[in-house]
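One chain, chain A, links the two complexes that follow: it is found with chain B in the first and with chain C in the second.
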Partner chain A sequence: MSNTMKVRVKNKNGVVDVKVIINHPMENGLRLNPQSGNKIPAHFINQFIILVNGQEALVSRCTGGLSKNPFYGFKLSDMKPNDRITVNWTDNTGQSGSADAVVN
Partner chain B sequence: MLSLSSSLRNRGRIMKILTLIAVTALHAISYPALAETDFNTHPRFDIDPKLGVAGDFSGTYKYWKDTQAIEQFASIQTNSDNEWKMNGKNMDIVEDDFHPGHLAVDEGEKLVNLWEHREAGFKSCLGAGTTTLEGIAANYPMYDAKLGKVLTLEARIEHCAKKVLWQNFKQGSPVNASIALYLKSLSDGLPIQIDVDSGPMKEAYLRGETLFYKRIGQLNFACASCHTPGSIMGNRLRGEVPSTPFGDVSHYPTYRSPVGEVEVLHKRFMRCLKQMRAKPLKPGDPAYVDLEVFYTSMSNGYPIKAPSIR
Partner chain C sequence: MNYNRREFIEALAIGGGSCLVAMTGVNMANAVELPGSDGRFSASNVEGVLSEIGAAGAKQSSDIKIKAPDIASNGSMVSVAVTSNLPDTEYIALIADHNPHPLIAEYYYSRKAQPYVSTRIKMAKTSQVRAIVKAGGQFYYASSEVKVTIGGCGG
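And now, the complex of A and B:
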């Protein structure tokens, strides 16, 4: 469940619009459980990397400030058809996810 | 000390007399008014179930009746006073049509195929005989003669899970909601068609109509108090502007961004009741089913949009 993610790419004259959505609870570790009063352990994505044909194009280091089920949208320029875009994320508990998309 | 207590007693006496006078005066004023107002029901409107969504009483149907209309009236979306006239339908055609609702659809598809693989017959139970699930969601809620009751889509999933899989997919749970959203997404774009002309569906419709106008809770609100012309509809209710109830069912179950999860219609009813300071019922309650029949008949003819975000 936590590893489900979706990537969509749209090519417009070499500028590719990339949209990524990740299913993740993004607990910042400060919230309290209303029933028990204990802190809910932190569980958030802390690294988000975009690779284009295996090379790093974007690295984002994030914290618990992001919302639940984060959505990333960005544009990549100088792209050619059949370029492969890979999206990787890792969270603070060691879980990770990955998805691929090919530029049309 | 003595003089203080006696003065207090005197003051108490005077206050008692004053209150008595005030109470008698109030009675004299308010009794006739009490007799004239009905505190149990909201005044009714003529809603023709045959017209479906075209019978919209708010006069805003022309703004959101189809995609062209929504695009044509795009300018009023930016005006905060008129935004309610779009009935939230502008959210359906935003360019960023990419949200966790899509993840829930995938999850639902995975679940249906997984359980069909484990226990053959789950799909044919969901489709009430047919294994093609495309388009079935447009006809819910429906009367099931075998079970002898009106079933919503979520109730059908709960029933099939219990009967075929021996699992409890409770209504309102994430599993049930994602399967319901998957089934609804298979009917994306098809107009809602339910028949409330006769039989148990008509009875459910009439009960739902009564519930729509029934005042409940500490604030003595009915659904109609906020969603009929001449009420709060179109005016500000704290930060929001209530809109028309017509066409609302077409996008449920929806991904609610304030809540962060897929919400079925009955969960929305629960949230409404909580805001009316009334005790919410559980999802799948017969009263909610009746209300859903009434609401769905008000969306008859409007295309389903799933997955959606609100």
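And now, the complex of A and C:
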């Protein structure tokens, strides 16, 4: 479950809407487990990168301040059909995920 | 260090190679520049975050648009979108003033990416949501208040 992600791209006259949802708990390390009263360990995505044809278009650093199963919406310009968009993420425990989408 | 000739040439080749890689790296990243994160994410108040980012003297700008609800019934999922109409925007940071760690996320844009982000954030309680924008080497900000009826940061 934790490694599934969805990437949607929509091309409007060269401007591509990129929408990404990643299944991830985004625990900020501050919440308490209601049963044990212990803190739930931090587990959140801390880096998120969008590449266009292998070149970095956008880099984001984030925290557990983003909601669970985070959503990211971006816009890329000067895009052509068949451009390849790659989304990579890494979390604070070293897990990572990647997905590709091709511009229509 | 004592090199004989062969070792010296090898070292030179390796050194030269990594120089080349570093240079290509710079070219590829071009507009995406990622400084060290320092203490910006662990800062516990807005002033701390701003000084870690280097944006202490940020000016308010009406060219930054924040789309956020006036009232959020659930602080664990607040939809926020930021658009910067400032020319040469290279950086946007999202801050919720009264969160335990106010800096939520930061985005570094190349020229390929439009200065826009839409995401969902957690908010501990009613506070200002701020967008800090770096454009043309200067920092600007805009803010919008979100009333939170149930906090979403736990703890």
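Note that the second predicted complex is superposed on the first by the 104 of 104 C-alpha atoms of A that agree within 3 Å, B and C clash if a C-alpha of one lies under 4 Å from a C-alpha of the other, contacts with A are read in each partner's own complex, and residues count from 1 in each chain.
Basically, a residue touches a chain if its C-beta (ideal position, glycine included) is under 8 Å from a C-beta of that chain, and two chains touch if they have at least 3 such contacts.
Owing to the predicted nature of the structure, the values given are computational and were not obtained by experimental measurement.
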item	value
Clash or fit, chain B versus chain C on superposed chain A	fit
Chain B versus chain C as contact partner of A:Val15, first or second or both or neither	second
Contacts of A:Thr63 with chain B and chain C, given as first, second, both or neither	second
Which partner, chain B or chain C, touches more chain A residues	C
Which superposed partner A:Gly73 touches (first chain B, second chain C, both, neither)	both
Contacts of A:Lys6 with chain B and chain C, given as first, second, both or neither	first
Vertex chain A, arms to chain B and chain C (CA centres, degrees, nearest 10)	120
First, second, both or neither for A:Ile50, with chain B first and chain C second	second
Contacts of A:Asn28 with chain B and chain C, given as first, second, both or neither	second
Smallest distance from any CA atom of chain C to any CA atom of chain B, in Å, after fitting	6
Shared chain A contacts, counted only where both chain B and chain C touch the same residue	67-68, 71, 73
Sites on chain B touched by chain A in the complex	96, 98-100, 102-103, 106-107, 260
Contact set on chain A toward chain C in their complex	15, 28, 30-32, 50, 52, 55-68, 70-78
Chain B partner contacts - residues on chain A that touch it in the complex	1, 4-6, 8, 19, 21, 23, 67-69, 71, 73
Residues on chain C engaged by chain A in the complex (per definition of touch)	28-29, 32, 34, 37, 41, 76-78, 81, 94, 96, 99-101, 103-110, 112-114, 116-122, 152-155
